[in-house]
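Input: structures, listed below.
Same chain, two partners: chain A is paired with chain B first, then with chain C.
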Partner chain A sequence: MSPIYARMSEVVLNIDVVLNIVKDELGLDLVQDESAIEGSSLVVPSESLLSVMEVLRQHEKLKFRVLMSQTGVHRGEDMLLFYHLHSYEFSHTICVLCVVPAEGGEVDSVSCIWSGADWLERETFDLLGVHFKGHPNLRRIMMPEDWEGHPLRKDYKMPTEYAGIDNTPCSLEKLDD
Partner chain B sequence: MVKEELKTEYMTINMGPQHPSTHGVIRFVIKTDGEIIHHCEPDVGYLHRSIEKIAELMPWQSFIPYTDRVDYVAAMNANWSYCMAVEKLAGIEVPERAEYLRVIVSELNRISSHLVAIGAADMDMGAYTPFIHALRERESINDLLELICGARLTYNYMSLGGVRFDAPPLFKEKTLAFLDHFEPVHEQIHRLISDNHIFQKRFRKVAVVSADMAKKYNLVGPNLRGSGVKFDVRKDEPYSIYDQLDFDVPVGKGFEGVVGDCYDRYIVRAEEIRQSVRIIRQCFDKMPEGDIAAKVKRVLKPPAGHIYVRTETPRGDAGYFISCDGKTSPERVKIRTGSFTAMSIIPELAKGLFIADLVAVIGSFDIVAPELDR
Partner chain C sequence: MKSLVNHFEDGIILTNVDYALGLGRAHSLWYMLFGLACCGIEMMQTGGPRTDLDRFGAVPRATPRQSDLMIVAGTVTLKMAERVKLLYGQMAEPRYVISMGSCSNSGGLFQCGYSVLNGVDKVIPVDVYLPGCPPRPEALASAIIDVQKKVVREPHLRKNV
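What follows is the complex of A and B.
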């Protein structure tokens, strides 16, 4: 690690504090996510995501008032959903990881907690095909309304044609003709 | 005589995608009540080039030119965000001279980006002259950046572990000469616009975003600071060498109206240009000699894991989320940009505004369509 970058981790939050707060408030035993290279990260089961997020936002020692980013990663049978939260009051950040099945995966929408989640979840739905329960307006955002499939899934097949436009990959034999 | 019954109804108007003041290819479907907007639905995605999908198909180094295209008004800053994320992931150490060069080019790019933002906002309000002045100064910055990397818009200047080229002879002298020339000109442009009565009338007290609302929607950068929240990634979570530099973070104070109106966001940008000039001068004073890039393996295989890195670009902090499964290309790259969140606030903000003020709102948020759609 560069000494210049090492200074950045001063704002890192102690993960045990968060785990204890969630245990006190909800009685849930959460685990730390070890795959985060930097900063603290915790794994939340999908059924208790909404209540944990509510605690993270409201608790006076945490005050995560901002959802910086929401995204997903398709890995084999699983869909990994990442939520990055930030607090301006304490200047700390946390990553929340929630794993749902890749096929027919469903999770509660957090757009009732952070309004900014509306568009972020729409993008995750559009590109990865995760269904967010209780989302007010779950429509495609980047792709056209009539697009088939979700392009950022690993099992996505590139269409050969869209609206009469040929999209077959260009091969050398084709160029010679 | 039968009297026809008069009735009133909402009228749906289409704005864009080809519209001069939407700053790119964005479409709005507006439901109006006379001249008042009742509901405004942005329709984005016209510039979606699936950059995140492309990232999964290529080696780590090869993705850098694509980050230029994420935000081509400030390509240096977009380069930097991605490079920094991968460097942290792979544990690459950047030489100090490279950090200084990175700050210099990024701040030059920030000035040119803010000049476009300010100029375009004026042009949307009907003032054409300031736009020409702003773009003339931007040309000089493009010349300077061309001198250092050979490109004028999409630079591909940064590499993993440093920068591609050292500053050529006379780069320092030419940049300092430009700054000496630019500072009075900036004052002039500032005076020309900021104190203009018509411009103030169009921007003052329009589309007020409170600090709470800004946080709820995760506004970032100058848009957030315009609402009075003093947060700058360069200052609050300093990366690179920013903690050794002396600069201020301007915030909206309700300069001519209410905190968080269009005018505040505009003034924050104008002030940030001054701070960038200060930063560049300090960098030239302090810049050490030495290497400009660390040695990085040609076939890079960072350890498996995920990381979310934020850097301050002209349109607020750009978050690069990278997930790595230990292979030669990223498993997933997610780019969360400032324009995206600024756009998502518009449906709530536009309600009750005049149609003409919607143009002012887009201009004051400095929305750049390619960054929005990626």
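What follows is the complex of A and C.
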């Protein structure tokens, strides 16, 4: 039976293996994300994200060929960017965390490694305002083109009017209290 | 005055032209397919064999130009609100609107969301508000009957300006 069909359940990936591989290939000392509740998680500085991702995808012991999700969280001064990678061949999963500043945050686009990252990064740009360098088509994907601001940022002000439509919720007064 | 009861032969109905026209209009309410969210599934179910909107003369149209009734079924986002307004403008008068479900009535569950319109009545006039999340097919059929009652009452030849 081929390894793809042999293991249907998720295989727990030893994070030390990944850390050693990255150290051997790139000479980078990465750390594990201690705040992760479960699963393997890796913290990558934004300047070396692209090279680390290339290793994670191409290395014969890792083969992360799928970018399952790319999302982010605005926390204080920081923008936490999460990349969930999966390997069908080994049935293992890893989460890559990359922290950029919330104001004017920039990171390399991984759409040259996984073309599926195109829309995921557009969504993160749309909702959080992170700029992805080298993205082929970085514009809003869900909100209207002329929308102001990025709604999932913590400092976002709720609009009460859009394109001449008054959109004040009837319970807005309660929200202000 | 002589009673009109049993005065004429069978098969003759006395009415006025407005009412006869109104009956015709009320029983040919062609509704525009406008499923925006989960209410759209209930709308499809209402068109299906169990509730069968066809028996009220209501058949779905895929274009606003041929529609008399717009069933706004689902959450209207601000991005969609402009399109709703445009599509309503493309419908020929007389035109009617059913606001189906809590989202369309007031924003419902998603009221105060950054992208959600707090009630479709902020952009187009609504004839019947149908509560529910989502309303059952029977409720939508009842809303269509309510629109029919309204259509029958309206004078089509002399508009009340």
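Criterion: the second predicted complex is superposed on the first by the 160 of 177 C-alpha atoms of A that agree within 3 Å, B and C clash if a C-alpha of one lies under 4 Å from a C-alpha of the other, contacts with A are read in each partner's own complex, and residues count from 1 in each chain.
Rule of thumb we're sticking to: a residue touches a chain if its C-beta (ideal position, glycine included) is under 8 Å from a C-beta of that chain, and two chains touch if they have at least 3 such contacts.
In this text the structure is predicted, and so the values were computed from the model without any measurement.
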Which of chain B and chain C A:141 touches, first, second, both or neither: first
Contacts of A:118 with chain B and chain C, given as first, second, both or neither: first
Touched partner set for A:167, first chain B, second chain C, both or neither: second
Contacts of A:151 with chain B and chain C, given as first, second, both or neither: both
Touched chain A residues, chain B compared with chain C: B
Partner chain(s) touched by A:71 [first = chain B, second = chain C, both, neither]: first
Partner chain(s) touched by A:88 [first = chain B, second = chain C, both, neither]: first
Chain B versus chain C as contact partner of A:99, first or second or both or neither: neither
Partner chain in contact with A:49 - chain B first, chain C second, else both or neither: neither
Partner chain(s) touched by A:39 [first = chain B, second = chain C, both, neither]: first
Chain B/chain C common contact set on chain A: 142-144, 151
List of chain B residues in touch with chain A within their complex: 44-45, 48, 50, 52-53, 56, 87-89, 91-94, 96, 99, 215-218, 229, 231, 236-241, 243, 303-310, 319, 321, 323, 325, 331-332, 334, 336, 340-341, 343-345, 348, 373-374
Chain B contact footprint on chain A (complex, rising order): 1-2, 4-5, 7-8, 11, 35-39, 65-69, 71, 73-75, 80, 82, 84, 88, 91, 93, 95, 114-116, 118-120, 127, 140-144, 151-152
Contact set on chain C toward chain A in their complex: 78-79, 81-82, 106-107, 111-112, 114-115, 117-118, 122-123
Interfacial residue positions of chain A with respect to chain C in the complex: 142-144, 151, 156, 158-159, 162-163, 165-172, 175
